[in-house]
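Paired with subunit B in one complex and with subunit C in the other, subunit A is shared by the two complexes that follow.
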Partner chain A sequence: MARTEKKKDVVIVGLGWTGSILGMELAQDGLEIVALERGHDQNTVPDFQFPNMIDELKYGVRLGMMQKPRNSTVTIRRSDSETALPYRSLGSFLPGNGVGGAGTHWNGLNWRPMLSEYRLRSYVEERWGAGIIPEDMNLQDYPVTYDELEPFFDRFEHVAGISGKAGNIKGQIVEGGNPFEAPRSRDYPMPAMPSTWDGAKFGEVTKSMGYHPFPRPGGIASQAYVNEYGMQMGPCNHCGFCERFGCYNYSKSSPQTAILDALKRKPNFEYRTHAEVLRVEMAADGKTATGVTYFDEKTQEEVFQPADLVILAAYQLHNVHLMLLSGIGQPYDPATGEGVTGRNYAYQMNGGYTLFFKDEVFNPFIGTGANGMTIDDFGIDNIDFGKEGFIGGAYISAGQSNGQPIRSMALPKGTPSWGAGWKEGIGEWYGHSMSIGSHGSHMAYRGNHLDLDPTYKDRHGRPLMRMTFNWNNNDIRMTQFMKSKIEPIAQALNPTSMQEGFKKEGAMYDVRPYQTTHNVGGSVMGADPKTSAVNRYLQAWDKHNIFVLGAGAFPQNTQYNPTGMVGGLAYWAAHAIRTDYLRNPRPLV
Partner chain B sequence: MRDLPGLPSRRSFLKASAATAAVAGIVTNAKAEQKPEPVALTEYKPDCLKPTEWAFVMAAVARLIPSEGDGPGAIEARVPVFIDMQLAGDYGKAADWYMQGPHEADASPLRGWQTPLTPLEIYQQAIPVFDEWCKATHGKIFAELDAETQDKALTSLQKDEMKIKPELRDFFTILLGNTKEGYFADPMYGGNHGMQAWKYIGFPGARGSYKEWVLKHNVKYPLGPVSISGERA
Partner chain C sequence: MKKLIRVLGALVVLGVVALLAFIFVPVQRTGPVTQLAADYKPAKGEGEYIMRAGDCLACHTNEGGKPFAGGRAIQSPMGTIWTTNITPDKETGIGNWTLDDFRAALYDGVTPNGTHLYPAMPYENYRKMSEEDIVALYDYFMHEVEPVSNKVEETKLGFPFNLRFGLRAWNWLAASYEPGFKPAQGQDEQFNRGKYLVEGAGHCAACHSPRNLFMAQDGIDDTSKAFLTGGEIDGYTAPDLRGPESGPQKWTTEQTAAYLATARNAHSTATGEMMLVVRDSLQYLSHEDNTAIAAYLKKIGTGPANAAATPAEPVVTETEKMLTEAKADMPLGPRLYLDSCGGCHFVNGKGAAEIFPELDGNSLVTAKSPKGLISVILHGAELPSTADRPMKVRMQGYDKRLSDEEIAALATFLREGWTNKAPAVSAADVKAVRDLATHH
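Here is the complex of A and B:
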């Protein structure tokens, strides 16, 4: 029998970046708020302490900070003719677990999308005509402009503590920054981090080739910093343990370093851990939510938490899963193209070259998640889609993030995978290689989507969510284009040898190797309720007191890491709730 | 104590660590942090592996990362202890993984772990299958073959020449993966004994602080490794 908790004004599902931001913003209006986090509590001390945190086996390999598939996972198939099978052990993507979520174990790379990305369909139609859009591509505009979002990107960057070098301040191009970025109202809150040798080499050679290198922006503190909530960051010591780890040094931007201590001091904010939300409950008229039901791990019972406002702030996959389980938005059907929830699931298309230098020393263990130099000369705004035969773009970078030897042991092709030859190879080549990577956009297609699995259940008896996903030729042409641009850069560095890793035509989705945790879409924002699940304020079209945060809102993926956009959209939605919705709760569009 | 081929004696370890400390020039503080020498591999009582399984793991890792040549072999690094401890723990039990059926063990390998078996169960079931194959093909079980034939047999296993059943097909992959993990993981997990693998490649382990070296481009970092439990080299 379910217990019922005292009613709150707001219930927040998940306490990562977006849950923390919404908690902080709405707490300032005096609302009574509870955040429900399915995982454990964790903080810099004691959970991320040196030296126990920098343990490659526990966190890098056994994935100690990630969700346990035993508790929560998806099934995956490459097409609707295949039977989906459970994602039993983590590989391709790594959703986080516990307070802070993926914002705790990320690399820190922080971007704003390029100008064309907010209105990609309109941009393509204006420049080349709708005829170049592949028949099965669900290309859509964001229902919000860059100018509208700019103050909120700026706000997130200053809360999160991003180090970087502006390239365009109010239309003025700044030497040394990214000249192709959308104009920003002011510089980053902290100067850029220094780069290791690999990034420096890449910067020099690309500059000599006429490209425009700039330091990669990221949530890694380059100096002492205090944000608007009074939260402090200290300068990074380049330990080389960002992605998959919590930061022991208060240097990596995360909900813990940027928001949570300040939020926990608010008397009207409360959070409960080991509280996994099972479904959102609806009023009899079906037009609003009445709260959520969660499973309380401590008392082993279901609990109903009534609330006037429901904020879905879990990871993208879990938000969409909850929507499908709770009847928020009509489920998407790829056969008819109708329905919105689960529509436009997209990913990221990355590739790269590894370069070996017999006589150079890279000290690969010196790194950060946002280390190095980038060029955006082949960013999405700079590509003639009509001429090149694809829609998309990528940023290209070099900058080592870690030298952890179990996972980061690049060896020249032909080195045996074991035996005396392997041992000789690791002695000869560890610390003598660098990589140049492209990080590219990924479009949304009619077939790639999320729905409920007919067979597999989770530990609460709920159907697992089913991911139908495969690579598409458009994005493969994009990544092959990037290969053709990176190859001359790599050759100009004159390595002893080099090898490529780019997807080729016919590539099938392989769930085993880590690719990226940039799962997007499924709860897409849009101007048309027929092709989007939430409106421009991230408000569910059909249930006005539910807001759905996170990268699920992306109509297709941008060429960048998603956190900057996720943070900007969270502040944008919080602003709409605070200044408009609370006064008069209703559909805002 | 008996010295087996490929197995280091206590004496050779002491010689090796004294030599390393002298070379590194940080003799005094390094010495103070040395741990007592653990039990010899031949005397080790496995947590979960049975004697035939232990004998196989000892023999297999000695070929996957052999002792000859520069750098430690898997035996010097005590990789078998690591594998035994991992298989006895959450990893061996697939404790974190979604293991509910139905299982489609023969699905495309691109679709990830689909066997109903845990890593420990794969070791337990695959070792006898592989030993039988070695006996039928090469006349003896794996651990009793000479090194050259062992290498041939492992290559056959890697290429799946014996057509092992799909439930066990990841055996070579996890055996090799676990061997490398044990070679490079922090010594507190039983392998990478004396941080020898880190010293060999030049990984400073858990130092975690390199701010002053970021801009020393193309200049080798000078310090040897430290471990999570405070060993210094």
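Here is the complex of A and C:
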């Protein structure tokens, strides 16, 4: 029944951003590599082609690019007193599917975390003392410094093709960029995208208030671009179909535009689609992996793929699921606080204001996923945690990503949601609103975690992964603080009316409305094997030939969109494997 | 009267003798142009490199077939020509050929049994190749190519083209020049390297030179005025390479070299046959050789001596104004352009370097035959993956989205837009190209 494939040097699980990066880097060392992708193959043309792709109903609402819960999902509960139920209808977060993964349907926002975020626990203890850390908060440092990661952030930004404006080059503050960013060795590879009118207004008013607005950096090409692999992007036309869509214009940074065609030329690299990895197989002594077993959709059988090196490069949730199923790291137990796999699952705390202007016209037919202007004046480095009573921070920005008719027609509260009143409201307000949002950090807590569900199984008979997650007061205080900072900015813009959407004390996690696909933690990196699943090189502590990529490594979530950090860590890990591990396979720490 | 009869009789006898000679006197085979040492050995990789430069693989390999095993159909005005098996298989390939046999095929267009090859095989051009390259190529086919037993379909053209001996007369017109390559005096090494590759192995003139009355290339080297001034293959226009508006003259040498190596540069991209030439041949040439080709082409330009490459002040054309204003009463052509094309090629028709080709001043857009342009709109186009530019950038086709009338309006707009000036396209033109795809 099961067949065994020819042994490879490396097997990569998942062919999204991190799988493509590791494939490309390790292929340069001549290793024989196979990448296993559970979804389908997809290319700009024909899969994302115009006009088929710009179909909001198919992709924006019916989520055509995402995984189908019937094939793969998690169960969710908010506390251990609840019974987790399967997440049968995607809402809060949207894991992608197919070659390119989430890298095909993201908005393109690309950041490096602020300086304090790499060593948040030490930073807090030094400034305010451990006493301000809530008892149930698993606050941790990254086991790697910003200076160590800087060359790898830079590498990723130049491979991915990021447009932006540097604010700090080697310590020199650059006018017009983000003065609070960690010092970068050079500018972004492309100049920033121009902003739409809402972002421009936000930029003007925040500047007049003494803040430091700058254009949001993102993987949206502001001009023709060629990266180090010879891969290309074309300038964006601001069509506004970024998030939830594949870009038909070669303008959005993705594995397809940045890596894949170059990788496919490597004779020592191959990839198989419709190959869902079921578990990592271990040697008899349990100290190393021998390969992976996957389900071949085409032949409907289990296949063993032997390999010397196993790279888990699937989405964060799937990586942690595979670790739990395969016995990589001790499963985390919130009752005792022991165990590491599934520990420190964290999310993102966002909020915002919507502003309506009777006499202001915003052209809703243009936008990009990374459009707009931002201030980082309330970023995590700039907040007195002791005084404000929370640990965290956020960036605040305005810039429309699209004006799609089903999901992007903001209406003042009280407008009927259907019928003549709704039509009248749309007529009056479509193109007359803007929003200001805060995108905030989310800490890790003892109770929020991932483990295997005792009841529900997937189509392969494997237990589903269970997510136990709820909001916590620390992050709610953070977002309420952001509300108090945004409100005067919004008022200064003098809208006809405005309404807020920030979580309040007592808010419970609701999986139905979309929030963000920034699921992090569960396979966190750390210096201590008791509180982390992987070491500073993303190598599993207990099985040295397994590396676990992706946002699962974040000890807690930063205030930013995670892709920049995910990409930087992928190049960092690839460098360690290439320069050290391959020569002498062993635990690197 | 008697005298007249005698003269006529003499002429008839002479004619018969000439015809008999034509038919029965063995065909002369050209010998080596250079006597190489008996132990001469080509360097490793040299033969394969010449094969790439000569693009042998493209014609002598069938879709999905084994390399060099032949069997590919070449459409010619005279009918279908089937390419031959040139693997070293002794039965069905060229395994029994001697070096002299091999040279005769490349120089004279004859096989060992004296059969004349149809000039789809560009021996008019290969006749310029050096003995060193002939030997390297022979060595490659004999020792590095896998023999494949594959009997290919015999080429059977209609009368009178089935009388292959007739090609002998054609050869006297087309391929009777002194064999081998003569470097141009007073030109540098790079020029002559470029000249050698273009005129010889590269056989650029086979497509890019016009054809004369006898269907021979009108100009096989740069002493001819018509050489590389544009030709036609299968109804598609192969653009002029020498006029002031041609790519190699408008672009910098580096840009032309990039086009040859990667099928894309700051201005344009290669489509159709030229895309295949880049994919199968030019991308494998060294940077120096592609640069030499580009530099040579620039030097043989016929325009005002290589106008300085300083970009003129950008002028906002009427077309750009119309597209920017985007009024509701815009004609169909520009409206379709905004709907389906402007997202990449922009209102100024300038696109973006190496990925979205310029449409303003693009030789494919303004080509004498609109067939290439129509074909790209209908079926899209894909750039080949090359070492320097691995991305298979692909423009999608619009055959399912636009009708013949719409494509005609769009193509006409493109041919008249910005600074372009080319005749309109009719719905019948579009239909003809659309039908081609369904017949193939």
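The definition used in the following text is that the second predicted complex is superposed on the first by the 589 of 589 C-alpha atoms of A that agree within 3 Å, B and C clash if a C-alpha of one lies under 4 Å from a C-alpha of the other, contacts with A are read in each partner's own complex, and residues count from 1 in each chain.
Going forward, a contact is a pair of C-beta atoms (placed from the backbone, for glycine too) under 8 Å apart; a residue touches a chain by one contact, two chains touch by 3 or more.
Just so we're clear, the structure is a prediction, and the values are computed from it rather than from any experiment.
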Touching partner for A:239 - first (subunit B), second (subunit C), both, neither: both
Partner chain in contact with A:327 - subunit B first, subunit C second, else both or neither: neither
Partner chain in contact with A:265 - subunit B first, subunit C second, else both or neither: second
First, second, both or neither for A:50, with subunit B first and subunit C second: both
First, second, both or neither for A:250, with subunit B first and subunit C second: second
Greater subunit A contact set [subunit C / subunit B]: B
Which superposed partner A:306 touches (first subunit B, second subunit C, both, neither): neither
First (subunit B), second (subunit C), both or neither touched by A:363: first
Partner chain(s) touched by A:226 [first = subunit B, second = subunit C, both, neither]: second
Subunit B and subunit C contact sites that coincide on subunit A, given as residue numbers: 50-51, 235, 237, 239, 248
Of subunit A, residues touching subunit B in the complex: 50-52, 54-57, 61-63, 68-70, 73, 76, 83, 85-89, 91, 194-197, 200, 235-241, 248, 360-363, 365-366, 403-406, 409, 417-420, 422-424, 426-427, 430-431, 455-457, 508-512
Subunit A contact footprint on subunit B (complex, rising order): 63-66, 68-71, 73, 90-91, 94-100, 102, 104, 107-114, 151, 154, 158, 176, 179-181, 184-186, 189, 197-198, 200-204, 206-211, 213-215, 217-221, 226, 228
Interfacial residue positions of subunit A with respect to subunit C in the complex: 43-46, 49-51, 223-224, 226, 229-235, 237, 239, 248-250, 257, 261-262, 264-265
Complex interface listing, subunit C residues touching subunit A: 340, 342-344, 346, 352-356, 380, 382, 385, 387-396, 401
